[in-house]
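Shared between the two complexes below is subunit A, which has subunit B as its partner in the first and subunit C in the second.
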Partner chain A sequence: MVDDVFFDLLHHEMVNVFTGVPCNEASAEMNVSKLEQIGFMTGYRLSEKATKDCQRFKDELDVMKFICKEFWSSLFKKQIDNLRTNHQGVYVLLDNKFRFLTQITTSKQYMEILPKYLAFTCGLIRGALSNLGVVSVVTGEVVQSPSCRFQVQVQRS
Partner chain B sequence: MSRSTVRTGDTKKVSSDLFALTYGSLVSQMLKDSDNPEEVNKQLDRMGYNIGLRLVEDFLAKTSTPRCLDFKDVAEKLQTAFKMYAGINPSVVNWSSSSDEFSLILDNNPLIEYVELPDHLSNLKYCNIIPGIIRGALEMVQIEVTAWFVQDYLKGDSTTELRVKFIKKLEEALPPGED
Partner chain C sequence: MVDDVFFDLLHHEMVNVFTGVPCNEASAEMNVSKLEQIGFMTGYRLSEKATKDCQRFKDELDVMKFICKEFWSSLFKKQIDNLRTNHQGVYVLLDNKFRFLTQITTSKQYMEILPKYLAFTCGLIRGALSNLGVVSVVTGEVVQSPSCRFQVQVQRS
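Entry: the complex of A and B
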């Protein structure tokens, strides 16, 4: 069993390494996408283990519910607080107390540096969905720390 | 059968899965960025160092442990810390005659749970974050050490052995700087 503090510090350090000193805007973006990629790989593999005893999912909404409940609680020990959808492939997941943000700040002062702490988790969601057959684009947005919103846009071919 | 009943007892396990897989993805991303495994070793060590600097605060706060009296004491505290943070219960062996060097045997290391090292990465020290953490954490309590792997399970050895060597006592706490 690995302690949560240890994981939080690893995440923090990962964010530091990949987004530490951006030389310019392009490379900063590139580095955030690496963080997202790490999340993707992790989420992809985790969902495989997490669903091994599950029944088959009925539809896309069922998959999303799984992500919001079981998957999220296995990662962050709480469920997503609110899930909304327009029934056309856009889902909005609201977490009122996002773990990585509660460890950092709850003030408005550092709003502009907070998005990079969401990149890894965006990747986690995208990776898990992708392994469950849903191709998507996931973006994160801080509403007011520690509350944040993840938007999942399902890509249909 | 509802899905949620299946997984509730499993939360502790997931945390170490999450950690192991995140760490694995991190290392593989670093290897993509840099062709040189030595470079990755160095970077992992630095990350570990930074984590260690902070982790020691948490450790001291949670255990309210007093100052270490000697290096044997340090070894014991490290044992406790490994158990607390990584669920590893290392044994302390191979003390040098002057008691300034010992080895930690890391069995059941959660970091390497799903890992297989390909042959061309024989230079990679996969778990190199651990010596970094030890170095960083001990530096914060004014003990300078070096730590390195002498045996690695991932490289075909029967066990993972981490050697820790006492260098000196830091008299005045210097501000921690980047290497």
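Entry: the complex of A and C
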């Protein structure tokens, strides 16, 4: 229990420290990008450890299913609720009850800050995918808190 | 298992991002202080949650024992190995196998960066104590990695 609480609190404070009272717009953007960067490296190394005894993945969709199931469960104790793809390199992952949003009030004044709570996780996804050979751009969007959507756009070489 | 690995990796990346390639000495210091600040707020809120069903602590030493046992165990899966005090507001907590240091090589070139791996935890201790009514200054020192010592200097009003 404490583990989960700790993880939630730590994430919350990271967001606060990185995104609270920036000097100007440029530094606000840099701070969110740092948060994404921490997520990226954490996701990269985590997926390396998590897959070291796995069989090779068949294809990109197989990698994506791993992210939605095993990877997500190990972090958030639940799977992604819905995975969609256009079969052209765009994947949409829907989490109906995203843990980092469940603790945050949905009152209007907080709506603006909610996207900041997705930056670290966008990085986590991008990093995990990168380690598994899928280079991508990941963006997050709050649908109706605590429901949110992560869009993965695979960058083909 | 993944929980622990995740926590370790996340901490490692936070340290990297905060303390890597600062523009100048002032910003290096600010970055370490941000890391301490994240620790402080996380520790503050965590001890609030962890003690909500506890009996009141008898005195300062009782609070300190809670930090060394329950608080430390919940985070690092082990207790502090040794607690000393001069009974005048200075407490020294010794961890013979501090988890954030066990993964780091002890080769000479890394010796300089090891203290950065204590900043977050100094903040955790200071925050947890603060929530329990003990205002303090906390410093950390690597004795011989992975062994390290945290010194708590209570600030009496």
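Following the convention adopted for this analysis, the second predicted complex is superposed on the first by the 151 of 157 C-alpha atoms of A that agree within 3 Å, B and C clash if a C-alpha of one lies under 4 Å from a C-alpha of the other, contacts with A are read in each partner's own complex, and residues count from 1 in each chain.
Assume a contact is a pair of C-beta atoms (placed from the backbone, for glycine too) under 8 Å apart; a residue touches a chain by one contact, two chains touch by 3 or more.
All values derive from a computational prediction rather than experimental measurement.
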Per-residue touch tally on subunit A - higher for subunit B or for subunit C: B
Partner chain(s) touched by A:16 [first = subunit B, second = subunit C, both, neither]: both
First, second, both or neither for A:118, with subunit B first and subunit C second: neither
Touching partner for A:45 - first (subunit B), second (subunit C), both, neither: both
Touching partner for A:129 - first (subunit B), second (subunit C), both, neither: neither
Touched partner set for A:37, first subunit B, second subunit C, both or neither: both
Contacts of A:74 with subunit B and subunit C, given as first, second, both or neither: both
Touching both subunit B and subunit C, residues of subunit A: 2-3, 5-7, 9-10, 13-14, 16-17, 34, 37-38, 41-42, 45-46, 49-50, 74-75
Complex contacts: residues of subunit C adjacent to subunit A: 2-3, 5-7, 9-10, 13-14, 16-17, 34, 37-38, 41-42, 45-46, 49-50, 74-75
Contacting residues of subunit A [partner subunit B, same complex]: 1-7, 9-11, 13-14, 16-17, 34, 37-39, 41-42, 45-46, 49-50, 53-55, 66, 69-70, 73-75, 77, 120
Complex interface listing, subunit B residues touching subunit A: 1, 3-4, 6-7, 10-26, 28-29, 33, 43, 47, 50-51, 54-55, 58, 84-87, 110, 114
